[in-house]
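Shared between the two complexes below is chain A, which has chain B as its partner in the first and chain C in the second.
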Partner chain A sequence: MWKRCYHWFNERFDLPKIQKPINDQLTKPLPGHISWFHTLGSMSFFLFISQVLTGILLLIYYHPTQKEAFESIKFITNEVYMGWLYRQIHAWGSNLMIIIVFLHMLRTFVTGSYKKPREITWILGVLLFVMTVIFGFTGYLLPWNQLAYWATTVGTEIAGAVPFFGEFLKTFLRGGTAVGGETLSRFFVIHVIILPWALFFIVIFHLFCVRYLGMSTMDKVGEEKKVKEGQGVPFFPHHVLKEGIVLFVLLGVLITLSVFSPFELGEKANPLQTPHAIKPEWYFLSMYQVLKHFPKSIGIFVLGLAPLFLLIWPFLDRTPQRHPSKRPVSMTIGILVVLSLVIFGVLGWVSETRIHVFGKTYDVDMYGKPHLVPAQTPPVQKDIAP
Partner chain B sequence: MKEADMNRSGEKEISRRTFVDWVIKGGLLVALAGVLYPALSYLRPVMRRGAISEMEEVGGVNDIPVWGGKKVIIGGSAVLIIRTPDAFKAFSAVCTHLGCLVDWDGQKREIICPCHAGIFDLNGRNISGPPPRPLPVYTVSVINNKIFVKV
Partner chain C sequence: MQGWGLAQSAPYNSCLECHADMAEEMKGSIHSQHQVHCQNCHGGDPAKKDQEAAKDPATGYIGVPDKKQLVKICGECHADVEAMNFYGIRTDQLARYKTSAHGKKLFEEGNVRVAACTDCHGYHDVTAVSDPNNPVYPLNVPKTCAQCHSDERLMSKHGLSSDQFKKYESSVHGKALFEKKDISVAQCASCHGGHGALPPGVKDMANTCGKCHVNEQKYFSQSVHTSIGCISCHDNHGVAPASTALYEQACGQCHVPGSPEFQLGRNFASMISASQGKLSATKDMVKQASIEGIFVEQEMALLEQAKTHVLEMAPLQHTLLIEGIIGHYKKISETTEDIKTKIDRKRQELVWRKLALIPIWIFIVIMAGAFWIKYKRLKEEKHEGSGHE
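Here is the complex of A and B:
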């Protein structure tokens, strides 16, 4: 049977000729230092596939209108068989994807893999990261609940602070003066049509670059030794096996989180009532926190620089070394950036909440500064002077 | 430049082929722009603005107690109406900081924003917190015990 199929196709396409490059790719040896950290890319890819599949399933029952969006998600969660599971996997998948894609970028940064000749691979990667975040932002609105509605209001308002055409941009994104049905449609189209396809093609291009240029070694730029046949780690089965194991674990984590820590749907969006202390999703928290310290337009400028720096990073860091221990400057910059992301993120997380530490209660203000609440004050007197 | 493109005095001359080439390229470009422009303008949101001077009725005088407030949506934007003992006031309810909707606190007689603790006074002026500008003020008229707001 198999033979006859092969024969049938072989009469039409020159199969051995097609097979050869595929085999070459499969057996291609990878540099010896390839480790578990080099599976982050395939993990991102796996999550993307998972998002596409669960996304398609959700689309079957989802209605992207102001009137029905919330109800249709509720329907998916409560009525449809396994609907809750797919919604949760989709929601958790998006969060994990942002973490994994970020870690992937971090790994590339640490191993200096973005250096010549792989600048374009890095740039495409940064684009993919940014798109993943936009995926998160646009998808967040679709359930049309209170948090989503107001997070989007604040998010698009920030776009409005862009100098000169901010106001236009804001209206353009919202499709009107306020977040409403038009915004939902726009975000929906971006989320389910534009981004998936754009991402798909960029991923292909990105993977092509990775394969064509070969995995980066730890050698100096320009002195990279080509891994010879029989040396290093064979892509198949060694590395693929590693990837398989990682994907298996990832799938387990994804489903465990979905089952044991589901996302709440909350209340339906109410354009007349802002919930208290509205915050963006966790991956925007650090940016959001930074924004609080600046007047809006300057804050935008500062935030806009970050992705720009990421994009042109290979052209800023021109030292030939790849090994992290030989690149003190870029490693310091990297560590500082990650640290500040974490610190501002945590500050943003606790800001405007009431926290309990060691039996004491603190009201945290919007800048993340805690103010001690005296032991037996009547509840929530919000603006007690420090 | 090929020899054929030169005339006798040695100046450059565009050959027929180059000329046609340019015409085709230019034509394509124009066609592309012609397609792109409507496509882009298609994306521009349709903003239905009512006649500017139009007054919108937002309810009867007795809907709002003294020192009470009410939020309504007029022409797609949220408006906060406050009743003081001697007048009605209307402000845009959209906080000038990041666009959250402000609330009226009747006890403290302040307009407060739930997002970053921005506070505005009875005249819509930002008095504390991050909001950079006062709230836009709208005109309110009371006619036959009905409240009208002009946005």
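Here is the complex of A and C:
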């Protein structure tokens, strides 16, 4: 049967001719220093596939209207067979995807893989990271609950602070003066049509670059030696087996998080009731916190520089070295950026909450500065909630 | 007496020459805002500068009106449909006053130690009834009535008790009025009437309470107790929050403990208490489930149904027909049981979800382990292969 099928196709497509480039790619050896960190790219790709599949399942029952969005998600969670599971996998998947894409980018930075001739691969990667974050931002609104509504209000308000065309951008994103049904429609279209296809084509282009240019070695720019046949690590089956292992573990982690720590749906969006100390999603917290220290337009300018610097980084760092120990300036900048992201993120997270540390209670102000609360003062704000 | 027309055409008011202090009082009153001036109540001609001419009896001058005059003067405008029409004010106050205990004493017995218009509304500084400072604004009515009705000497002359205000203050109505500032709650005028103030007799008690407690009245009219009225169990001025403890306290006033009627009361009490208990326990269970992360939307809806049944029991018990209460009790039991079953099932489902992770992780460990072994073997083979070379 198999032979007959092969024969049928071979008569029409000359299979050995097609098979050759595929085999070439499969057997192409990878450099010897390839580690477990080099599986982060395939983990990102796996999460993208998972998001597409669970997203399709969610689309079967989701109604993108102001009236029905919340109810349809509630229906998926409560009534649809296994609906709770794929909703949670989708929600957790989006969060993990941002983390893993970021780590993938960080690995590329540390190993100096963005340097010549792989500048375009890096730029595509930065675009993929930005798009992943936009994916998260647009998807966050779709359940149409209180948190989503107000986080989107804050988010689009930030867009409104962009100099010159900020007001236009805000209205364009919202589809009106306030977040409403039009915003939901726009975010829905961006989330399920524009971004997935855009991401798909960029991923294809990114992968093409990776395969065409080959994995970076740790040799200096211009001194890279091509990994010869029989040397290094074969992509198939060696590296694919490693990827298989992390993908299984990742799948387990996704399901476990979905079961043990499900995302609550909360209350339906109410434009007339602003919740206390509303904050954006965790991946925007550092940006949100930085904005508090600057006048709006300057803050936007400062934050706008970050993705710009990321994009042009391969052209700024022109040193030939790839090994991190031989790139002290780059590495110091990288460590400072990561540290500031973590510090501002934590400050944003604890700001405008009441925290308890070593038996003492502190009210944290909007800048993240703690103020000791005298013992008798009745609680006015909620404790930090995860 | 002069009407509204003259009031509007009085550019000079000689009364103010001597009574400037009263003019000050009048300034903020609703009457002065609507061009009702001195001569409209006291007579006289304020246009005349000469005091004697202004107070000439021919001008209708009466000075300070006595109580009977006062009621009639107020009534002249306030019972005039044409005059009051534009203000949307009722015009039956005078007619009602005449039917009231106050009015009857004044007009039939000539007793002036009774309340007339100014005793409750004030005089020169009369404001709109909707003004929160007005003595007959709902929040102030009990204190206004208490000016006389808490006066022990005055009340004893009429053979009335003087503890109504104290009782009212501690009653469920009084607390709602004074503590929660709920002006929709019953105060003196709600039951006794304002201008036509009369104590409602036992016969009319159900209708009086029924003005607010509509369902209670509807069901009470079907009971065997219609002739003893609401106050036999609930009291009047000192009405306490209703609870099932009333069955124990009130039934025993007429029925011998142990009698079938007394026992019936206890059955009512136990069924209502049990229903409330079930509702409360189920509410806690749903809340706990919600805290545990279980979606309880459906259960919340069912809980509302059970709550409605419990709330319906309150008026329904006034029929004193146990069948209705039994029916509601059964519905509450079924609903709360249904909620419990649903939550148990969901909780069990959560347990299953967690247990399902065991085989999933076993599968993952086996697969990852197999891949790892294969990877190690390939690596060794490659190492050996390159060693040979």
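Here is the rule we use: the second predicted complex is superposed on the first by the 380 of 386 C-alpha atoms of A that agree within 3 Å, B and C clash if a C-alpha of one lies under 4 Å from a C-alpha of the other, contacts with A are read in each partner's own complex, and residues count from 1 in each chain.
Simple rule for what comes next: a residue touches a chain if its C-beta (ideal position, glycine included) is under 8 Å from a C-beta of that chain, and two chains touch if they have at least 3 such contacts.
What you are looking at is a predicted structure, and each value in this text was computed from that prediction instead of being measured.
Residue contacts after overlaying the shared chain place A:I245 against chain C, while chain B stays out of touching range.
Touch counts on chain A: comparing chain C and chain B, the chain ahead is B. With both structures placed on the common chain, the touch criterion links A:H33 to neither chain B nor chain C.
By the touch criterion defined above, A:K220 reaches neither chain B nor chain C.
In the overlay built on the shared chain, the residue A:Q273 is in contact with chain B alone; chain C does not reach it.
No residue of chain A touches both chain B in one complex and chain C in the other. Taken together, the chain B residues at the contact with chain A in this complex read 43-45, 47, 71-73, 76-78, 94, 97-103, 113-117, 129-130, 132.
On chain A, the positions that touch chain C within their shared complex are 74, 77-78, 230, 234, 237-238, 241-242, 244-245, 248-249, 251-252, 255-256, 259-260, 262, 264-265.
Residues of chain A touching chain B in their complex: 150, 153-154, 156-158, 160, 171-172, 174-178, 180, 182, 271-278, 292, 295-296, 352, 365-366, 382-383. Looking at the complex, you find that chain C touches chain A at residues 293, 295, 297-298, 353-354, 356-357, 360-361, 364, 367-368, 371-372, 374-375, 378-379, 382, 386, 389.
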